[in-house]
Amino acid sequence: MTPSERLSVAIVGGSGYAGGEFLRLALGHPHLEVTQVTSERSAGLPVSMVHPNLRGRTNLKFRKAAELGAADIVVLALPHNSAAKRIAEFTEKGRIVVDLSADFRLKDPEVYRATYGEAHPAPEGLGDWVYGNPELHREDLRGATRIACAGCFATSVILALYPLLKLGVLLPKDIIATGLVGSSAAGASASESSHHPERAGSLRVYKPVGHRHTAEASQELPGNFPLHLTAISTPRVRGILTTAQAWLPDGYSERDIWSAYREVYAAEPFVRIVKAARGIHRYPDPMLLDGTNYCDIGFELDTETGRVVLMSAIDNLVKGTAGHAIQSLNIACGWEETAGLDFAGLHPA
Amino acid sequence: MTPSERLSVAIVGGSGYAGGEFLRLALGHPHLEVTQVTSERSAGLPVSMVHPNLRGRTNLKFRKAAELGAADIVVLALPHNSAAKRIAEFTEKGRIVVDLSADFRLKDPEVYRATYGEAHPAPEGLGDWVYGNPELHREDLRGATRIACAGCFATSVILALYPLLKLGVLLPKDIIATGLVGSSAAGASASESSHHPERAGSLRVYKPVGHRHTAEASQELPGNFPLHLTAISTPRVRGILTTAQAWLPDGYSERDIWSAYREVYAAEPFVRIVKAARGIHRYPDPMLLDGTNYCDIGFELDTETGRVVLMSAIDNLVKGTAGHAIQSLNIACGWEETAGLDFAGLHPA
Amino acid sequence: MTPSERLSVAIVGGSGYAGGEFLRLALGHPHLEVTQVTSERSAGLPVSMVHPNLRGRTNLKFRKAAELGAADIVVLALPHNSAAKRIAEFTEKGRIVVDLSADFRLKDPEVYRATYGEAHPAPEGLGDWVYGNPELHREDLRGATRIACAGCFATSVILALYPLLKLGVLLPKDIIATGLVGSSAAGASASESSHHPERAGSLRVYKPVGHRHTAEASQELPGNFPLHLTAISTPRVRGILTTAQAWLPDGYSERDIWSAYREVYAAEPFVRIVKAARGIHRYPDPMLLDGTNYCDIGFELDTETGRVVLMSAIDNLVKGTAGHAIQSLNIACGWEETAGLDFAGLHPA
Amino acid sequence: MTPSERLSVAIVGGSGYAGGEFLRLALGHPHLEVTQVTSERSAGLPVSMVHPNLRGRTNLKFRKAAELGAADIVVLALPHNSAAKRIAEFTEKGRIVVDLSADFRLKDPEVYRATYGEAHPAPEGLGDWVYGNPELHREDLRGATRIACAGCFATSVILALYPLLKLGVLLPKDIIATGLVGSSAAGASASESSHHPERAGSLRVYKPVGHRHTAEASQELPGNFPLHLTAISTPRVRGILTTAQAWLPDGYSERDIWSAYREVYAAEPFVRIVKAARGIHRYPDPMLLDGTNYCDIGFELDTETGRVVLMSAIDNLVKGTAGHAIQSLNIACGWEETAGLDFAGLHPA
């Protein structure tokens, strides 16, 4: 494949937010050409009617999944558990399949069962899928044809913790991660909890314990330590700010944290260490990341107690979903890793 | 009836925002005792489950409308056109009936038909109802037993314009009123347009022309002039800010506007003229009115053109609905007009 | 003093948010009469120019502190460290002094020095002050004449943890409390960090470690355990939502948490346990508390790990400052404890 | 100049929002290379400290304006009236000068004096400047070396009205335009009115009459009619939604409005006519335009009265300032008109 060649993309379930975001990014990507987008409820309508930011950008119309034709790449943006049940149908259509749901992230079907409360519909193929996190699995992603896009909260947790755990800079003690999550994470379907008067001013703990991304983060993170997640919805639409509370071993200092992040992330195009000595933007803030593929990471150490507060911010729909998937695809296909992901973000925003 | 006596209140349709707000105000009212609240979908549940601000304030549970018993006052908080169809049923239950919908506001059944697109279900009784606007109809409200609560956008328009039109301080020329409206005005039911990710950052013109409150405002305002309304939704939950663009006759000045407002509103307990020479709070702002029964009114004159911008702000659920109704009831029952309506509002808010 | 008697109140530093909120509550209080409000920068102006919610509610004007006259109660709403330096001046003016700052909260001058980085300006009188938290110090407050109002974040932490620590329902293990704080907590002065374009969409970790309220909370909470605070600013104006991550001893269950809260808070007029099995308002949410004196408390247990997530929500300016102070004063003066604090809060809000 | 050549750009006053937005766009532009950015208060600091969205995107540091060196293009992002006073200094440094302020927009020094309350500091050069609105002045912009970027509110008014006025589809009767404006329009300096607690929930009429952009819009719009502006601040950070109330001559219909817009804007790359028969995104909404160079235009006709409500939405910092300037520069330099302006905008946002 030459760099100028474009691969055709079919997006299955393109009327939701994840599919819509993949569509936005793919329309601006130098090596992708979106040829099909499916939606059961909006079949026949222009995609720009559902995603009005794309007015004038595409003339594509939604079709039903039953009308799905072949494509080089099939992107699945379906509700959890839907992709796995029909996976044979989709792998027939395209050489490369990217799943944005949680269906193929967990390697162990037993963990899947414990996490999602039912048996995995297609456990035999689980081993074929690469977890779509370039920072941890770049080599596995090269040439990959099955990519299971990482979860959004999980990504913010994993990227904050991975270097420190890998290099032994944290005690194997309870780590508590609190995610402040925007409303788009719950998807495009209206519900009582997403009703604007009930949500606009709300700070709502929606998953104090038992968050499903715990399994995914635990699978990916090295070491043996208890990981605890709490998720709180905020008035933002996009974005996750995660604070992870962890503990430095005796004798370690701030310098060791810096070293670990630098060693692991030095060459990463989408990870920035944000820790300013002054100013109002000292730590990661999702406000700055809407539409971008960055994961900003920062930290602060309480030298009296050894407690370290790790912070990470992402746009849940980009680095947390569609952008992460594009980055993974770029690696899989041998393209420039940043292709299609160059938006810098806005300030003010 | 002695001042300390309490009248019993039944609220029909109490799970919506208008009914919930009436309930909140009635629970704190010295002469009202809420004894029944109906809701078809929440029957059997504590009202505080739907209106969580009332936790610890009441042990009432919703019942079905079919189980409605007698009460001194029946308050109808039903969707438009529902109250009128069943009005005989409700007038049987209570001596005083207050309707929060648009069903009994318009005096002329033909205007109702033109405005709401169907014949009025109970036109014979229209003459019994007093339009629930104390500033215009205080005398009619004394002893009234049928009160049709004024519409929220209409109230903001009427109160801004009434004194100037009454006293001839405006030209009989097109008046254009633009209302910036919070999301609670669309009610408690979730919909695509109220889905937080679609609404939180939106400035959405939802009724550029043809707003139904035009009929109501035209009915109540003196003089013969064309009135044009435009309604835009904002990211606020409560509140309406209306700017009305009108024209001063030759020879009139700012002083005449001041005089008109003072003459008409001098003794009004809930109308404040807000026009400060400096500071950041120079004009009416709904930010300051959440939960209050105030209508703040201000203005600015363009001396070069005679254009005058009238501004009014209210909480759509209080002065725009439930508070206005309570104030009307206070007058109807001979109580202190401000009873139960003493909340000052918050700053900051 | 008979119940109908009113005590005169002077508010020193009344142009800020804490002083303004005390003023709002005091104006509606049956036993208080505000006679003086000072502000250096706004001296001579009507208080309603700075607190526009009070238009039509008071004709008071600000005076300079130098013109402060005698009053039954002197309320100090000054920047931290200002009250202590001039405390003799203020105790001369009033029999009862309520300080809303942090100056007199800590009993131990050494802890004050460690926390605030300088020696306490008036350490000799520290023992005279009662920490203004009615739930913990109701008996001490009766007849008290020196009340040091509790800090807002500290209050949310203390009220969530106190019953469980008191009754031994938590392990003496690290407790991590994360506070999501509204912008009003930083006060009424404009700054770069409070500039709307920089703040409106922000989730900003402003105090990951080293929060000063740690000292206060540790002083008040029973038992010996490490307490760690992290504070994050949110797009809300008012309110704090605190999640405290703690650990249940072996053999304890959800029932023990319920029991502890019920035992300690059963008779508390302003503490509500919020833990609904269904619906969208299952846990405490500051959205519902603007303007109220409630502290809503909830929890969830991870039965697999023994981790318990305690949640508390308050309005930082009411239960976190001025309302807590009024409640303390009500006890100190022998009045109905809820006097002046009856606002239920709004829904939607 | 070949297409691949890059022109050097110096941004004077680059710490504000307009300068920062120009910088963001220029950094991603194929033919521009930013070599200098000045800021008096931030001289010596990395630009990414003030514009944190540019972390990892540029290593530029601010310098003082006194250290300004030569550049192909000098962009002035100074407070109004500052650029004009020192214009000779800047034209010396660069062949092409783009001014983002209001200083060179008005052709007539007397109109400038009437509008800005003082004599123009450099009236002799006013004729050299092209008003930076490509839709109206594309031909004049080709090869231009002095570009006066159009004002943001003015742009939204002009683009909504221009085709209809040009083609005689509106009566020469009072046109009233109401602009709902985000907080970034007031600039990067903190003030009492921009203090988050005072602004977050506010709907504040800040310029009911006498808006300075009236002069600019009147200069650019054809025909002789009275134009009246009212400006209201909203809780958004970016964006302007303008509704213009105008009047159709007898015998004209919706079709004529469509025709006029289509005739004038058919080939415009950044103007979209948005008028959907259904769905929730029927009209222009600034929510969808953050970061984009689009001006979305829609309308609705009241067939009973001939009133037409024209609506336009822009991002005040892009199509309202820096993007408009880039588009003008692209034309002036003979580049692809859309170069550097390809961001589609987000949904949800």
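Structural remarks
Labels A, B, C and D are assigned to the chains in the order they are written; within every chain, residues are numbered from 1.
By definition in this document, a contact is a pair of C-beta atoms (placed from the backbone, for glycine too) under 8 Å apart; a residue touches a chain by one contact, two chains touch by 3 or more.
Chain by chain, the UniProt names read as follows: A, B, C, D = [LysW]-L-2-aminoadipate 6-phosphate reductase.
Note that this is a predicted model, so its numbers are computed, not measured.
Looking at B-D and A-B side by side, the one with more C-beta contacts is B-D.
Of all chains, the one whose mean C-alpha position sits at the greatest distance from that of chain A is B. The mean-CA centres of chain B and chain C are about 35 angstrom from one another, to the nearest whole unit.
Computed centre separation for the pair chain A/chain B is 46 angstrom, with centres defined by C-alpha atoms.
If each chain is reduced to the centroid of its CA atoms, chain B and chain D end up 39 Å from each other. Within chain C, residues 17, 184, 188, 192, 197, 201, 235, 237, 285, 290, 348-349 each touch two or more of the remaining chains. The touching residues of chain A, when paired with chain C in their complex, are 174, 176, 178, 180, 192-193, 197-198, 201-205, 208-210, 226, 228, 230, 232, 234-236, 239, 241, 243, 245, 280, 283-287, 290, 298-302, 305, 307, 309, 311, 313, 348-349. Contact residues of chain A toward chain B in the complex are 17, 182-184, 188-192, 194-197, 199-201, 235, 237.
Of all the residues in chain C, the ones that touch chain B in their complex are 17, 20, 24, 27-28, 49, 51-57, 184, 188, 237-238, 272, 274, 276, 279, 281, 285, 288, 290-292, 294, 296, 342-349.
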